[in-house]
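There's a structure below that I have some questions on.
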Amino acid sequence: MSDPLDLEALIGPGALGYFAGGAGSEITLRDNLASWSRYALHPRVLVDVSERDLGTTLLGRYRPHPVVVAPMAYQKHAHEVGELGTAEAAARTESLYVLSSQTTTSPPDVARAMEAVAPGSDRWFQLYVFRDRAVSHDLVVQARESGYEALVITVDFPVAGWRERDRRTGFTVEHPVALNPSGPPLTTEQLFAMHDPSLTWDDIGEFADAAGMPVVLKGILRPDDAERAVDSGAAGIIVSNHGGRQLDTTLSGIDALVPIAQAVGGSVDLLVDGGVTRGWDVAKALALGADAVLIGRHLLWGLARGGAQGAEDVLRQVLAELDSTLALLGCPAAADLDASYVGPRAVG
Amino acid sequence: MSDPLDLEALIGPGALGYFAGGAGSEITLRDNLASWSRYALHPRVLVDVSERDLGTTLLGRYRPHPVVVAPMAYQKHAHEVGELGTAEAAARTESLYVLSSQTTTSPPDVARAMEAVAPGSDRWFQLYVFRDRAVSHDLVVQARESGYEALVITVDFPVAGWRERDRRTGFTVEHPVALNPSGPPLTTEQLFAMHDPSLTWDDIGEFADAAGMPVVLKGILRPDDAERAVDSGAAGIIVSNHGGRQLDTTLSGIDALVPIAQAVGGSVDLLVDGGVTRGWDVAKALALGADAVLIGRHLLWGLARGGAQGAEDVLRQVLAELDSTLALLGCPAAADLDASYVGPRAVG
Amino acid sequence: MSDPLDLEALIGPGALGYFAGGAGSEITLRDNLASWSRYALHPRVLVDVSERDLGTTLLGRYRPHPVVVAPMAYQKHAHEVGELGTAEAAARTESLYVLSSQTTTSPPDVARAMEAVAPGSDRWFQLYVFRDRAVSHDLVVQARESGYEALVITVDFPVAGWRERDRRTGFTVEHPVALNPSGPPLTTEQLFAMHDPSLTWDDIGEFADAAGMPVVLKGILRPDDAERAVDSGAAGIIVSNHGGRQLDTTLSGIDALVPIAQAVGGSVDLLVDGGVTRGWDVAKALALGADAVLIGRHLLWGLARGGAQGAEDVLRQVLAELDSTLALLGCPAAADLDASYVGPRAVG
Amino acid sequence: MSDPLDLEALIGPGALGYFAGGAGSEITLRDNLASWSRYALHPRVLVDVSERDLGTTLLGRYRPHPVVVAPMAYQKHAHEVGELGTAEAAARTESLYVLSSQTTTSPPDVARAMEAVAPGSDRWFQLYVFRDRAVSHDLVVQARESGYEALVITVDFPVAGWRERDRRTGFTVEHPVALNPSGPPLTTEQLFAMHDPSLTWDDIGEFADAAGMPVVLKGILRPDDAERAVDSGAAGIIVSNHGGRQLDTTLSGIDALVPIAQAVGGSVDLLVDGGVTRGWDVAKALALGADAVLIGRHLLWGLARGGAQGAEDVLRQVLAELDSTLALLGCPAAADLDASYVGPRAVG
């Protein structure tokens, strides 16, 4: 991870605490990073790897690679270009972009920016189902009308996570948010209080019906919930502990992926996130059953340091590492990665 | 844990050593804290968690939450208000209070203070069975007459623990103790020498009969002892290594809980303690079979820093964390927590 | 372990390196200390522990406790009183004393000193079988004639261990050794070269026959060797990696004990050593099948700091800790310790 | 490992980064060193070890010991004598020498130097199969004509490893390389780009046929690849992750050896490398199924510090440690080491 001192000077202690922090004592935050090294790679030799194909298929659409930009709130606090920076980086690298419903740039503006860079680039919209359903519905309408192809409903945020850094710094969101563009600035407490803690599987069904888009559920960590998601008609599942920001000491995404892939692998798209910083992390996720991987903070530090270009540099490095990993694993097609390339031996 | 330097200035090195210290090389003391992170949480999503119920049932009585104040000796050494401070904090937060038989405030005074704050608040009395049975009996009489509802007989103190900090600091108890209110000040050696090392299951039976109160046995770490406790008519068991203060390198409370719950779960109330500092520790204990959890030092530092208010702040924080945990675990009722919410993966 | 700086001032870097050091990178040396904490204690409650009996039986003779002084060479380098210091400490604490054949005090002098302190005190003699058998035989004769009751033949020293500290400090033995009392001072290389690397089970048989004393084999780490020792008529086995001084990365004594006790437990006396510093270490050894435990360096630091009194203080502390452990384990008789008191959970 | 500061002064940061560095975050680099300590030695006693035989058989030829010099590129960057230094050290210690195809000294010059020191000394030639097959064929011809006895084809380098130190230092090879002796200096990028990523098992077959020498495949980590190597007629396999320089978080050589020895042990010679610095590492490798062990960086630091003599000192120390290990393990013949001498207990 990047040097926080450096970032503190760039974006201030409040934003840094908000972006870098995790829930409680940040045990899960640290474990997210550490967990990848518990899986050792078992490379194969003497395979023709002169051509590598990083491609994966998500929601039936072929994508040139499995690296996805995670939805992250309030990106104008990381860099003045905000979500436009990460979105342009995604468009330039053919990365699927997921826009947070806590975006500080409107969904249509993000869509336009991506299309300007790369016509036909695609993006998904992340949704929190708020107490005031109208707010969520408005966002969905905006997203659908500006060409977002799927709805990522985040289900691990019935209430705000237990984030002690924010209490210490007193961080508040100072940029207007898309869900309340003209209203008065909202405190983080007000923003978090919008989340509906009474949300159930039934609501998801309704929302999915209304959305007119495939629905992906984000924030699942248990095989039984994954099965339920499949039964509910979800087109995809993002195995995630929300970057360790919600409940401390939950298991890591990659540890959760294995039993979930066993339970529902194949019947639905599987994505995973949490602590991904390296191309070989991505390869492990795929080998263990994921179809794609989301990257959060690692990308955000790129945005903070260098705007769109900084974010793009991060994505290009991860993609180059993944490309190198495929070559060195003797598995030229990312889609062919399977559990035989990963062993249980802890390293590091 | 709190910054010891800070506390040393507040309460002096002798009291700090006595309160913070553990037996031997303090391996168990440290493991008590670390052990909670060996259990990872497996949250469930899309459960209506708009209303949370932290309630538990102890000795047949519904209690609004499972956090219990552990019996701790000589609290006037932590703050001049002594036991009244923790007792008032308990009463204000509807926490069950367990008064130590090494209290520096008399049982009736504690009872009165709690009733003044919260009429009907309940409390238990912790008992050491001393060589001189009369001393113990007098305490029981005082406790019964001032409305303590159960007797917690601590069975892990046949002799004093091996505490090297106390030898270094030469700590002695300078406040009169309730069991010898008007007598001359007793040294810790004299106080510890009062404990009866010949105590057996038979004595417990007698004491229980005489007490006219339900008896809870505190300090059990083995399934066979737990079974014996049930056979002996105990109404509850506190799985505990006495905060790592008695015998170094014993297993931790939470590690001991699992086989004990398997052996006697359901037939008797189970409580656990040792190193609890977070609401999610409490949730894990419940998921693994406990009905309630005792908090010791974590609360004591609150008392030392801010008297009754400081202790109350600690309890409120743990309760808020537990409330948040229930929401984020997708288990709105504490009583519904079960082993499916906890996995064996080590984190941290 | 004691502060080496301190000791360096007392005894000089050469002697300190020799005494404190281990083979190679000292991985086994460190693991010897750490290994005890991998076994957690499981105390039992409500047992009458008012009387504790630390006694054990070794070679058919009841001994008041299971703590044995390990044979250690060249003790005059630790303190001018040399072996007389540790021997007197042993006699005063009724500890079995094992005199090294690399002693800087003669076996009869050690015997006389012990008898003076405690008539009837007993001791064993540790033997290296040298290339020049006459040297070893002379030592045995001396030992037998001055009342040593058993011969501890050390079998893990066919060649010198790989000790890098000694090379760095250039340590040499400056005191006359009993096996060459009047000869010219021998270098450590000369002393080590006396060991016979061709020693086999047959030689042991011969030596045992000639000794006219029970034979205990020291330095066994494998169950098959333990079985062979029993077949060869050994009266006892000391499970030991020689304090981590011979071959680095061997397993620890306590880890080796468990399978050895399974293989030969009961048919022969079992002792274990390596890294013992606490009474609860001793209790674990007994619970896992040992009849007694040897203490090496921990005692030596006592000798270095305070001569006979310093060594005695160490022994008394370990015995007091063991006594406390028996009380707190609810197992008043050391001889009754069994595997139920120890669990596999790592602590620390 | 040696003190890098020291080495930085000797050879400069660029060369040090190139030699010492590993892929990615260097997790595998560190694990290579750590992995040896996960295997504990179980010594046997009372075996006549007065004569030790370190010998092993490689490609049907008896060799006096199992320590092999690993092929390492660009050795003139470590010391001006370059490959001649390590080759002479090998010849003087009867160590098998493997010359890198990225040598900065020509194969005939290396052969001549070795013969001058020790007539009849043997050596193998390591080959990368380049895109331009002619380059590789020329090297093979040179090697065969100057008496190299086997071809070590390295198969774990289809593309360059992900080496971040080299990017930071901007290291470039400044000495002419044997594969392009008279041409203009090549950048590391150019050198690495010569590797053929389309290499498959078929190419190996062809190369082996043309070589007229036994072929050993270097860089295998999976049992299935090992089986395929045997089927392809390889005479030997080097289990290796290339010193952690290719793909980060791969398993270590010694961890990979165990299942590979199970799969193909006996049918082909097995060598292993990665992190070997001690004679007891070598003994563990042999006990777990290897016939010999390669040493890379540990030797290189000797070369850097003291040229041929420095490299020789390192080899002599490892051989002396191995000799000592055989004595202390009670296994006088290296060829008799088996799994009974190694247990699974982690030490360190």
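A, B, C and D are the chain letters, set down in written order, and residue numbers restart from 1 in every chain.
The definition used in the following text is that contacts are C-beta pairs under 8 Å (C-beta built on N, C-alpha and C of every residue); 3 or more make two chains touch, one makes a residue touch a chain.
To keep track of the chains, here are their UniProt names: A, B, C, D = Alpha-hydroxy acid oxidase.
All figures in this text were calculated on a predicted structure; none of them were measured in a lab.
Looking at chain A and chain B, not one chain touches each of them. Chain centres were defined as the mean of their Cα atoms; on that basis the chain farthest from chain C turns out to be A.
Where chain A touches chain D, the two copies mostly use different residue numbers: shared numbers make up under half of all numbers in play.
In this assembly, the C-alpha centroid of chain A lies 60 Å from the C-alpha centroid of chain C. Mean C-alpha position of chain B lies 42 Å from that of chain C. Multi-chain contact residues of chain D, defined as those touching 2 or more other chains: none present. Under the stated contact rule, the graph of chain-to-chain touches is a ring, a single cycle where every chain has exactly two partners. Applying the touch definition to every pair of chains gives A-B, A-D, B-C, C-D. Those residues of chain D whose C-beta lies close enough to touch chain C in the complex are 36-37, 39-50, 278, 280, 284, 321, 324-325, 327-330, 340, 343, 345, 347-348. Chain A makes touch with chain B in their complex at residues 24-25, 27-28, 30-31, 155-156, 158-162, 196-201, 203-204, 217, 219-222, 224-225, 228, 246-252, 255-256.
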